[in-house]
Amino acid sequence: MAPAVQLRSVVALVGRFPALAGIDLDVAEGEVVLLRGPNGAGKTSVLRACAGLLAIVSGEASVLGHDLRRDRRSVRRLVGMLGHAGFLYDDLTADENVRFVAGASEPAGAHGGADARIGPVLARMGLGGRLGDVPVARLSAGQRRRVSIAALVVRRSRLWLLDEPHAGLDAEGRELLDELVREAVGTGATVLFTSHEGDRATALADRTVSMIGGQVQVRTSSPDEPRAAVHVA
Amino acid sequence: MTAPAHDRLPARSQASFILGAAALLALVSTIVLGLGLPPTLEQGPYARLIAIHPPLAWAAYLAFGVTAITSVLYLWSRTRRRVWDRVAASSAEVGVVFTALTLVTGSIWGRPTWGVWWTWDARLTSTALLLALFLGYLALRGVQTDVHTRAKRSAIAALVAVVDVPVVHFSVEWWRTLHQGRSLAQLTPQSDLDGSYVAVMLLGFMAMTLVYGWLLIERYRVEALEEHFEDQGLDRALEERRAEAEAVVAR
Amino acid sequence: MWRDAALVAGKDLRIEARSRVATNQVAPFAVLVLVLFGFALDPDRGILSRASAGLFWVAVLFSALLAVQRSFAIEAVDGGGDGLRLLGLDPAGIFMGKAAAVFVELAALELLLTLGVVVLYGVDLGGAALMVATAAVATLGLAAAGTVYGALSAGLRVRETLLPLLLLPVLAPVLLSATRAWEVALGTSVDDGWRWVQLLGVFAVVYVTFGLVGFGALMEES
C-alpha cells in the first residue's frame, strides 16, 4: 500500500533548535502508529511537520503522496490534528466551532453533507443540547478537549495526527476517543499519535516507534514482539 | 543542508577595496569642486548643495529600487536564493541612511532658499514617508523568527512600501507643490544652470553611486558573516541533538 | 475562494458580535478621540468644524488599527494561528474574508463617527453621494492594506508596536485623499472631489491585488 507518511533524513527547526535531526519514518496507509520518547525527543515536531506547520529544512518528506516541502496546502486539506492547543475560538459555541471546521473541510461545491454529521457527533461527545450553545470559553478544559475532538471527527481526514490525545479526558472520554480512532481506521484513515498513557496507547497502536534526539531510536514491528535490535540512524 | 561554502569565510575582496578607494576619491573631489563653485544670484552659496543633495536622493532611490528587485527575486520561487534576501536587507539599510541624509541636506537647503525647514511638498512628504516605511521594514527584519519567514515577510513589506510611494507622491502632488523642478530636468540645453554646476552635480551622482555600491558590498559581507556563524551554530546544534540519541544508547 | 471568504468573514463577524469588543471598546475609543480633538482645538474658534473631515479620518485610521489587530488576535488565542492554517483554506479566500469583516466593522464605525462629528463639531452634512463613495472606497483600501499588514506582523512577539509603525505610513494616502474629498463634500474646500475618490480607488485596487496574490506567501510559512 502507498505510504501515508514518508520521511527521509528530515531536519526541521523550531526557531534555531533542530527539533528533528535527520529522522526517517514510514507509516503505511491504514496503520496506527504510536510515537514514544522522553520529553523533547521531537514527537510533537514530527506531528507538526506532517501537518505542514513546521518547515522542513532538509531531507525528503511526503504525506499521502504530496510533497511536504512544496505543497503544504494540499497536505493540510487531508490531515486533521489534535494538538496541545485546541484550535478553538473562545467566543464561538461548540456547535459554531465544529460547524466552521466542517464547512472549511468540505470540498468546494458540496453542500450540507458535513452539517448533518455535526449534531450526532456533538451528542456523542456529550456536548449535545445546552452545552453545545455555550461559548467554549465557558467550558471546562476537558469539555473543550471534547469539542476539539468533535471538530477533528467531522473533518473526516485521511491522516489523523494526535498529540497526547488522552490528556485532559476522563475515563469515559478516553474510551470514546479510542473508539473514534478505531472507527476512523475502519474507514481507511491513518493515525499517528503520541501518548504517555502506557497500556491504553500500546493497545490502540499497531506499532510503536521510539524517538530520541530528534530521530527514531528503536523500531518494534508489533507491540507484542520483543524489542528489536537497537538501531541508530 | 548546510552549504559546503562553510569553511570559507566571506573575505573582503580586492574589488571592494578598489571600489571603496574610487568612492572616496570621487566623494572628496565632489566636495572640493563643489565648494569651489561660484555662488549664484538667486541662492548665493547654498546653490552648491546641488552637488550633494540630488545625488543623495538618487542613491536612496537606487537603494530601495535594488531592495524591491531583489525582494521580487526572493518571492518568486524559481529565483529564490538567500542571497537576494541578504542584498535586499543590506540595500535597505544603506538606503535608509541615504534617505535620512537627503532629508537633512534638503532641510538645510530649504531654510535659506524657501525660508522654512520643512514644507508639505510632494517630494519631501513622499521621501519622509519612504523613510518611515523602510524604518518599519528594518524593524520587521529585527524581529527574531526563522530565516525563511523573515525573508518572505520582509520581501512583501518592501514591495508594499515601494508600491506605496507613487501613490503617496501623487496624492501630495495634487494637494500642493512647491519643490523646484527636478534637478535632472535642468540638464536640457536651454537650462540657465551654469555648466560647471552640471559637471559637479554629475560627479556627485557618480560619487554617491560608488559610495552606495561600496556600502552595499560591505554591508552584505557582514550579513553573510552573520549567517555563516548562524549556520555553524546550527551544525553544532544538530550534532549535539544527534549525540542525545547516542548517549541514551550507550547507557 | 468565495466560499472560504464567506466562511471566514462570517466567523470573524460572529466572533465580533459575540465578544462585543468592537461595540464596547473600539467604538467608544473612536468617539473619545473625537472628544479629545474637541479639547485640543477650542470649539469656539471654528477650527473644529473646518478640520472635521481630517479629524474624522484620523479617528477612523486609529480605529482601523485596532480592528486589524483584533482580527488577527482572535486567531492567535488558541494555537497561535495554526488552527486556521491547518484547515488548508484558500489563502486568497482567507484574505478576502478577513478584509470583508474589517470592512463591515469599519463601515459601521464610520456611521457612528459621522453622527459624532455632526453632534460634537456641529458639521452640516452635504454632498451625500461624494461622502458615501469616498467612505466606501477608502474603507476598502483600509481593510485591504490593514489585512495585509496584520498578517505580516501576526505571530511576532512585538506585533502590538510593530503594526502601527508598518501600517500608518502606508495608510497616509488614504487619510490625505479621503480628507480632501470630504472637505469638498462638506463645503470646507473647493476642489474636484471625485478625482480623490479615483486615487482612493487606485489604492484599494493595489492592496486588494496585493492581498490576493501575496497572502499565500504569508500564510504558507511555518
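Note that the chains are named A, B and C in the order they appear, and that numbering of residues resets to 1 at the start of each chain.
Convention: a residue touches a chain if its C-beta (ideal position, glycine included) is under 8 Å from a C-beta of that chain, and two chains touch if they have at least 3 such contacts.
Just so it is clear, the model here is predicted, and its values are computed rather than measured.
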Relative to chain B, chain with the most remote C-alpha centre: A
Closest chain to global C-alpha mean, per-chain Cα centroids: C
Comparison of B-C and A-B by number of C-beta pairs in contact, larger one: B-C
Euclidean distance of C-alpha centroids - chain A vs chain C, Å: 38
Separation of chain B from chain C, taking each centre as the mean of its C-alpha atoms, in whole Å: 31
Euclidean distance of C-alpha centroids - chain A vs chain B, Å: 47
Multi-partner residues of chain B (each touching 2 or more other chains): 144, 146, 148-149
Contacts with 2+ other chains: residues of chain C: 221-222
Sites on chain A at which at least two other chains make contact: 55
Partner chain C, residues of chain B touching it in the complex: 75, 129, 132-133, 135-136, 139-140, 143-146, 148-149, 152-153, 156-157, 159-161, 163-164, 167-168, 170-172, 174-175
Interface residues, chain C side, partner chain B - complex: 145, 148-149, 152-153, 155-158, 162, 165-166, 168-170, 172-173, 176-177, 180, 195-196, 199, 202-203, 206-207, 210, 214, 217-218, 221-222
Contacting residues of chain A [partner chain B, same complex]: 11, 13, 15-18, 21-22, 55, 57-59, 212-215, 217, 230, 232
Sites on chain A touched by chain C in the complex: 51-55, 72-81, 83, 85-92, 96, 100-101, 103-105, 108, 135
In the complex, chain C residues that touch chain A: 3-4, 7, 11, 14-15, 18-19, 74, 77-80, 82-83, 85-89, 91, 220-222
